[in-house]
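Below are two complexes that have subunit A in common, paired first with subunit B and then with subunit C.
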Partner chain A sequence: MRRPSLSAAIVLMLPGAGFIALFLAAALGMSLLQSVGYYNMTGPSGFSLQYWGKVFSSQVWDSFVYSVWIGTASAFGTLVLAYPLALFLRRRTPWNAFMNTLLRVPLFMPALVAAFILVNIMDYNGLINGTLVGLGLIEKPVRMLRNEWGAIVILIQIWKNVPFQLLIIASVVQTIRTDIEEAAYNLGAGRFEVFRHILLPLSMPGIMIAVVLVFIGAFGDFAINTIAGPTYPPPLAVLMVTSANLMQEWNFAACIGVLIMAVSIVFVFLYTRLARAIQEAEA
Partner chain B sequence: MAVLDLSGITKRYGEVTAVDEVSLTIEDGEFVTLLGPSGCGKTTILRMIAGFIAPDAGTLRIGGAEARHIPVNKRRTAMCFQSYALFPHMSVRENIRFGLRMQRLPKPEQEARIAAVTDMVGLTGLEARRPAELSGGQQQRVALARAVATHPDVLLFDEPLSNLDAKLREHVRVEIRDLQRRLGITSVYVTHDQAEALMISDRIVVMNNGRIEQIGDPETIYRRPRNAFVANFIGVANIVPAHRNGSAALATGVGLLTLPETHDLPQGQSLVCWRPEEMVPWHDQMPNRIAGTVRQAIFMGNLVDVFIDVDGVPLRAQVTGDTAIRAGQPIALSVPPDRIHVLEPN
Partner chain C sequence: MSDLAVPAVPTTAASARPRLRAGGLLAGLTTALLLVWVLVPLGMGLLWSFVDPSHSWSYPDTFPSALSFHNWSSVFRVTNVLGAIQVSFSVAPLATLLAFLLSLPTAYLLGRYTFPGKETVKILILLPIMLPGMVIALFLSPLFSMLGLAQTYAGLVIGHAFLGIPYMLRILTVSFEAVPQDVIDAAENLGASRWTLFAEVFIPLIMPGLFAAAIFTFITSLEEFNLSFVIGLPNYQTIPTILYGFLGRHFIRTDASVVSAILMLPNIVLLFAAERFLKTEYLASAFGKM
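Coming up: the complex of A and B.
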């Protein structure tokens, strides 16, 4: 077969790559410009660093810390449940097939709906508090919603993301051939050593992607935070939406948008480096 | 280095008996091949020796010690897997080091052994490569080096050559045998390739349906197969029904045949067998004349492979020297009496 010419290659790539390039690059570029005063919707446009000045205030810092916390806790909290499950569900038994199907249910539910359902259970007058009070185990309901650590937000994130991470990690874990594991046992490794030296390093690519994707989702989450998140500090995404919609501070909102994206990129970069270092350590 | 002793080993999977009361003693430093068609139980036996599966009945002793309660990682066996099972995220050096690390050997000892085995299998210079950067033959050598580096009591081979091409297979086979002889490690080798088994083994265990059909050195297995299964599984055999009726000769479909031990034979029906290459062109005074028609004669270079029809009984002869044999011609051949062998019923 003749190799396609360069011009043909460009024509073939244009619809897909062009679409992404146009909307990603343009959107990113516009956000960046808006964050330094251009494309102002409510006032005169022009270069200004006043919006970024406002970003470096204590209130935004609190929001930033909260969102990083939610992202990290959700990503690793999910991992703690999803990874053992992925290892456990490796063997293909009928029971495991059923478990797999059941575990995927949250994937088919929109985050907002999931949050509502779970809030009903954990609300001040919800199912859990009702039961505990009814049984006389506690005197008055415990406040679980809207606490500053976002406990319920993390729980909902985990509930929502376990199947998602399971899907990603399982696809990697299932490529680890059983004879490789057997070879390790045969060479004298115990269960923990097989896990530490064989299973974990070989699962790393899946774990890495799963953690990064959940972090980014939870870090910039709006839906679950609006329903179960704290009033103060406002989560970054909530702050961004209220700034734009309620306060009409579009340039400030753009700053927060840029901040969210920057953190995501830095996080991906650091995590990739860390994962590579772990893999290299074995070689 | 150890004696391996299997006694009444049985393994069932539901209704299927994969291994049926197998008893076998493998001497210290001996190279024994388990040979048989797929599903005959040979791999199951190997995996029971390694400890991946537990027998339902029987005892297994490695170096005199009952192995039942010794877990896989505490058994001093080292296995070469069919797929090599190298750790893909580790370099050649770290693959070999793995077993040594698990044995908690001091670092200098690890390095010394790695250097020794990489030199032994000819991998020096490739220590930093990952398995994916090696050819199939090189990967096989890493697997071998990784196994012998741990100084195991028993080496186990699960069809280690089946993923190599024919030429390389022969080469690596010789290497495996050489290495095993030099180190004197008791070895169990599983294969379904009879040629491989004949060339590599001290003794061959021919298996079928979870049972041992015959145990013997390669020559005995080839020349004196116990029954029709072994005769057919190892090489090509002419097998014809025979009948003894008081006389000194056996009546067969291809004529009267005399055997040296004819008078010891039981009366009645039996099967006799001989190899195609034992048949020679018949001359005056030769015993056991077999006459028939050539159906096909294939020139093979060093011999002519002749397919003969003797009154409806198909025979095969491999004749050297005579290239004038043509299809359709009559032919007279002879089998020396001591080359004819009586088979036991299956």
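Coming up: the complex of A and C.
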């Protein structure tokens, strides 16, 4: 591949990457500045750490714990389904093509539609509760929506993200050469040993990327959390939006935004390291 | 690996390759479970949009006792869903076009040239879709206000293009990389100008990738909630912001099911119509495998 001249590189880089960089810098810069008191919409502007002082409260801590929980449970809950599927789909069965098509459906389903169709069956008077009551297994419907652990939020995230994780993991798993496995079997290794010492370590980068990306999405999610999440604690993104839009406390909202962003960026950094590791392993 | 180095136990050919024995029963069972997992919620959601409001649907009825288009007509009569459909379906192609025009030069650079820091750039361009959408949307709104783009149609198009560019860039980069160097050399030897090279060699060869990228950007725009919520409302409603209004605190099942059906329809159609274009490598590169 050729090397571009510096001027050509800059001119070609600007429309695509430059546009993205401008918008990201604007959003990140604005949240950082507002979080330390600048661009105050309702009062005097100027450097102040008072808004960060408000972040260190038990209410924000509850929100933080909830959002970390949602991110973690969604990421690993999805993995529990996606990883076995990725390994299973390495085999050639007559059902592969059909399963792949079926799994594309949630991938292409808008998050809000996924939220609706799952709330619809898990609601107080939805299919699941109705059937359980009708069969006499429970006496009255169980309230799963808006419970403090965000059960339905996690279910929606898992439903939506299984194909997404599967895609990422499968693209790594499919590069594992089968002759390594064959060799291990020939040397008398059992299925579990092959999994533990060959498949798992070789698919680890894909697994970690899949977990990181779903964590970031679920951790900072707003829409699904307002639809199916608890009233208390408010999920971080919900706390941020209500502070800004309803309370007009933009500076406090900015602190929450910076907090969400900071956690996400740590994970993005982790992701870039993993992506590099995979690239080097493939090369 | 050390405990694998135990003396080899003599094995028969069959037991040496258990992974080739794809259990037919297990595969069938997995398929059946997936079918339930994907299609039962989907089918229930769709069916609810046709439930006649004068006959309720609950246990033990496995199927609604009366179907009608009543919910559909009432949603179109009472809400602004028609306006939202117009906004969504006109913003999406414009945002796709804008994202394409902005991405083409950068994707060409990333796909055909090498320079220090290229790999970092390829990862950084994914940030708009990796970082939490609501934080970005909320704190982009001051910039949009300053530029006079807040609550405007142009603002929606530009915002949606911003979220489509990562897909465009990543998939077009892969497509540019895949153009064989000898084809380019041959064209150059035959005296092709830069413009001819681009129009006659690159553009036709990146077409399948462009098609996949356009589908992604189009769908991303149709689905986008955060930016539309912050930038578009209250002047411009899109299908997702209408749907959002029927979910949440005031859950209106029948209306939500109608709008859900409207929102998912184009995705399902595109998914099946474009299946052969949506190769796994495009999907993987778009979703950030590296």
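Methods note: the second predicted complex is superposed on the first by the 259 of 283 C-alpha atoms of A that agree within 3 Å, B and C clash if a C-alpha of one lies under 4 Å from a C-alpha of the other, contacts with A are read in each partner's own complex, and residues count from 1 in each chain.
Please note the rule applied: a residue touches a chain if its C-beta (ideal position, glycine included) is under 8 Å from a C-beta of that chain, and two chains touch if they have at least 3 such contacts.
What you see is a predicted model, and the numbers here were worked out from it, not measured in a lab.
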_Is A:249 touching anything from subunit B or subunit C once the two structures are fitted on A? First, second, both or neither._
neither
*Given the superposition on chain A, which partner contacts more residues in subunit A: subunit B or subunit C?*
C
*First (subunit B), second (subunit C), both or neither: which does A:11 touch?*
second
*Once the structures are superposed on A, label A:179 by its partner contacts, choosing first (subunit B), second (subunit C), both or neither.*
first
*asked:* Once chain A of both complexes is superposed, is A:202 in touch with subunit B (first), subunit C (second), both, or neither?
replied: first
*Could you say whether A:188 touches subunit B, subunit C, both of them, or neither, answering first, second, both or neither?*
both
*Indicate the residue numbers of subunit A shared between its subunit B interface and its subunit C interface, in ascending order.*
182, 184-189, 193, 197, 279
*subunit B touches which residues of subunit A in the complex?*
177, 179-180, 182-190, 193, 197-198, 201-202, 279, 282-283
*In their complex, what parts of subunit B are in touch with subunit A?*
50, 52, 72-74, 77-79, 81-83, 85-91, 94, 98-99, 102-103, 130, 146, 150
*If you look only at subunit A, which of its residues touch subunit C in the complex?*
1-4, 8-9, 11-17, 19-21, 23-24, 26-28, 30-31, 34, 39, 85, 88, 90-95, 98-99, 101-113, 115-121, 123, 125, 127, 130-131, 133-134, 159, 164, 167-168, 170-172, 178, 181-182, 184-189, 191, 193, 197, 206, 209, 213, 216-217, 219-223, 226-227, 237, 240-241, 244, 253-254, 257, 260-261, 264-265, 268, 271-272, 275-276, 278-279
*subunit C residues touching subunit A - in the complex, by the definition given at the top*: 1, 3-9, 11, 15-20, 22, 24, 26-28, 30-31, 34-35, 37-42, 44-45, 48, 58-60, 101-109, 112-115, 119-121, 123-125, 127-128, 130-136, 138-140, 142-143, 162, 165-166, 168-169, 219, 222-223, 225-226, 240, 243-244, 247-248, 251, 253, 256-257, 260, 263-264, 267-268, 270-271, 275, 278, 280-281, 283-284, 287-290
